[in-house]
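Here chain A shows up in two complexes: once beside chain B, once beside chain C.
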Partner chain A sequence: MFATQVGAVAQRSLRRTLRQPANVIPPLVFPVALMAVNAAGLQASTLLPGFPTDSFLAFALAVPFIQGALFSTLNAGTDLARDIQTGFLNRLSLTPLRGSALLAGHLTGVVVLGVAQAVFYISVGLIAGAGFAAGPAGIPVLLAFAALVSLGFGALGSYFALRSGSGETVQGLFPVFFVFLFISSMNAPRDLMAVDWFRTLATLNPVSYLLECVRSLIITGWDPRALTLGLGVAVAIAAVALALASRELPRRMTRT
Partner chain B sequence: MSVWPVARGVAWRVIHNVVRTPGLLLPTLLFPLFFFVAFAGGLNQVQQVPGFEFDEGYTAFQFCFVLLQSAAFGGVFTGFGVARDFEGGFADRLLLASPNRTGILLGYFLAAAVRWGMVATLLPVIAVAAGMQVGGGPVDIVGLYTLALFVNIAGFAWAAGIAMRFRTVQAGPLMQMPVFLLLFFAPVYVPLELLTGWIEAVASVNPVTYLLEAARSLIAGEPTGVALAFALAFALVAVLILWALLGLRRAEAGA
Partner chain C sequence: MPPSDNSIVAERLAREFRKGPRAVDGIDLHVAPGEIYGFLGPNGAGKSTTVLMLTTLLPPTSGTARVAGFDIVKQGPQVRSVIGAALQEAALDPLLTGRDHLRLQSLLQGIPKADRRARTEELLARVGLTQAADRKVRGYSGGMKRRLDLALALVHRPRLLFLDEPTIGLDPQSRSALWEEVARLAREDGVTVFLTTQYLEEADVLADRVGIIDHGRIVAEGTPAELKAGIGRPSVHVLPADEGDRPRIAASLARFGELLEGGRDVAVRLRDGLGLADVVRAFDADGLAVDDIELRAPTLDDVFLAKTGRTLEGAAEADDQSAAVDGGSR
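The block that comes next holds the complex of A and B.
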């Protein structure tokens, strides 16, 4: 019963996203476009002593994974907020659908899209000539990591949607997430950052560890420290976000 | 009939709206500052790359890009307002009520300049506090800001032309994407000489490259290619003002 409910909600979540080109194309195209521009513009920085690779494309390939997940956050949150605003959630609350099944189904849709995005980014990277230092075995690990990150960010978007009930509020979070992305090791390894306060902020920023985890599989190989830190941060974000979203859900599913 | 009363009224309304609406004011102010912090702070080590020669340092190098970027997007964001006015029907009433419709466009232009002026005032304060070195004298700085003002006018004229043709905020991506691409296909992070591959070819034919390089030479106090940059900026402004005026005529016909 629970699985049927989750399946139905996940199917709806996926179908709704796929029917809206504006929800599918930007998460695929914008991160890749930004990566292409940055990889070309910052290729010279690979000449810095200690830079971990001679291809900035390989270095930058980690960014679309996290940026795509940020887009997922917004899409997941906006879709759920729209359900609240249109009264769809109120009508759902009159059915036998369990709140946990709603959240699980909604997030399943987000995770499936997150993994599809990751496959696209890996394909683009490989076609563009970026190597994959961890070898073929690293690809399933990267996809699993992408799923975990999408789950965490998707749950975060759902929390904000449940809390505010407003799509505009969720969209308004975009600059905040963008700040987290840019004040990280997105464009440079932390140990090469010359400005102390920026390096400190990047070190405190959990997004740096997500990026470095993906990056380690692409340019280093199997780096236990980067993998452990990245997975730890991703699990922590997912756990906190799921707990927050689950706490808000009953308030929105109250029968009135 | 004078254009000024209309222009003053439109400009006042737009500026009033921007100042009183945090959702409009904050992105205008914070986005350029954020880009400045992210680029000047996070990429400072790029100045150590062999062949990178800019004596004023990476903060000044990035300041010029962010100044031009803020000017362009100050114009584009004002274009969003034009589209919103058309979508909501306010612009139709404005067209009916205005004795001189060119004044409407001029009013929006003034508002775009004032809106960018807020960022242009705040940005150097932050940059100098962050340790930016300025080699140029007052004349160079006036030149730099005049160049940026041209970019602001061009950015608004482009966005207004789109807004008045499509008359919906949904045309927003069409207003900002070409501007974004033009800006980022220039030597944003390193000088043109250090670019390689496709970006070098694209940047070499991108007019923004020459505006950016002139801006950097002005802040360094060693003006180079300034005449070419002003000629390009002037040509860009002339063509895009014509584009905006034709858009106004199209909107008048559709009103």
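The block that comes next holds the complex of A and C.
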């Protein structure tokens, strides 16, 4: 029964998203467009001594994965908030649907989309000429990592939706999440950052480790340190966000 | 009480909101199996809060209630398994089709796979949405949304149905179609229906018994006929030809019974043995001209007026104004 409930909610989540082109196209197009602009404009960065690759495209390819996950946060949160605002959550509360199945189903939909986005980004990167140092075996690892990041960020969006009950509030948080992306190793390796405060912030910023995990698979191959740190941070974000969302859910899904 | 009993019983049921009013103030209810119970009252009277408590979505502050023999606080899952509910606003997903909604609902209600498709088609046909089943709900009219809402509430064949203002905002045709369906559910399927409404006609036409709620308290209860008979006497309503004659008309009418306040016309509840002809003769003798004069049998609005001192319409307006004042002062 639990699996049926998760499947039903996930199916609805996917169907909703696919019927809103505005929720599907921007997460695919904008990160790739930004990557293309950066790859063209910042190629000279690769001439810096110690830069890990001679292709900025390969370096920048990690960024769409995290940007796509941020879009997932927004979509997961606003969809759930809309369900609260319209009373749809009350309708679900009147069925035997378990709260954990609701959250799991909702996030399954988010993860499936996150993985589909990741397939798109890596395909674009490979077609554009970026290599993939980890080889074919690295692809499933990359997709699993993308799934984990989508899960964590999706759970975070769900938490904010459950906490605030307002789609507008969730959307208002989007720029804040974006700041995390910009204060990270998005455009330069941390050891090449000359400005101390920025390097410190980038080092403290968990997003840097997510980027570096993806980047290691593309540029370096199998880098145990980058993979462990990236997976560790992704697991931690997912665990904390899921715990927060699970704690908030009973408050919104009130029933005796 | 055996769990097979489709009744609703509440004793001193109350709900108080933090920093808010006592929305439901210790009501007693007894709705018999297979009965259509109309819960009539103006906006903010406590109707929806009562429905939320009885459907287990809102715990009561005090008091008890049993739905189909199950305690609404201690046996929430059992209550939900035997009830269907269409809450105040049709909570539908505009991006899903009618069929998507029914499929989701039957999956979540645990309808066996073999029955799902047949049940979906049966309900679509029952509420007249077969043709529109594969259209997204955002293109549905208000009446279609309400019909889909009803179909969703019926997916798991509930024994009790809660409908919170199901016809609000609907055109007369959609309203009467929904009334027919609700009546059929009670008469043919034996479903107990708890229906909130602020429409007098709806309660009058549809309900076997009516409870009138105002400021969280039930002020009258009975069959529509009993309630109207309790008021007893008919009333005469007069629209003066000249507004300046209003005091003279009121004085003249006062000789025939108790003047009624709150309406737009001048009205009197006639004493026993008096009729319209007596009033007309008196107006003639007093030289009073009127635009319209009407003899009215007691209505549920008269019952509401008699029990609360306000008309149902006036109560709704007063509550809206006080809500606006409250909102402005926050």
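Methods note: the second predicted complex is superposed on the first by the 255 of 256 C-alpha atoms of A that agree within 3 Å, B and C clash if a C-alpha of one lies under 4 Å from a C-alpha of the other, contacts with A are read in each partner's own complex, and residues count from 1 in each chain.
Here, a contact is a pair of C-beta atoms (placed from the backbone, for glycine too) under 8 Å apart; a residue touches a chain by one contact, two chains touch by 3 or more.
All values derive from a computational prediction rather than experimental measurement.
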Clash-or-fit label for the pair chain B, chain C on chain A: fit
Vertex chain A angle, Cα centres of chain C and chain B, expressed to the nearest 10 degrees: 90
Touching partner for A:187 - first (chain B), second (chain C), both, neither: first
Partner chain(s) touched by A:222 [first = chain B, second = chain C, both, neither]: neither
Touching partner for A:8 - first (chain B), second (chain C), both, neither: second
First (chain B), second (chain C), both or neither touched by A:254: second
Chain B versus chain C as contact partner of A:97, first or second or both or neither: second
First (chain B), second (chain C), both or neither touched by A:44: first
First, second, both or neither for A:198, with chain B first and chain C second: first
Least C-alpha distance (whole Å) that remains between chain C and chain B when both complexes are overlaid: 18
Chain A positions touched by chain B in one structure and by chain C in the second: none
Chain B residues touching chain A - in the complex, by the definition given at the top: 23, 27, 30-31, 34-35, 37-38, 40-46, 48-52, 184-185, 187-190, 194-199
Contact footprint of chain A on chain C as seen in their complex: 55-59, 72-74, 76-77, 79-81, 83, 85, 87-89, 91-93, 95-96, 100, 104-105, 107-110, 136, 152
Touch list for chain A against partner chain C, complex: 1, 4-5, 7-8, 11-12, 15-16, 19-20, 83, 86-88, 90-97, 254-256
Chain B contact footprint on chain A (complex, rising order): 37-38, 40-45, 47-48, 172, 175, 178-179, 182-183, 186-188, 192-195, 197-198, 202
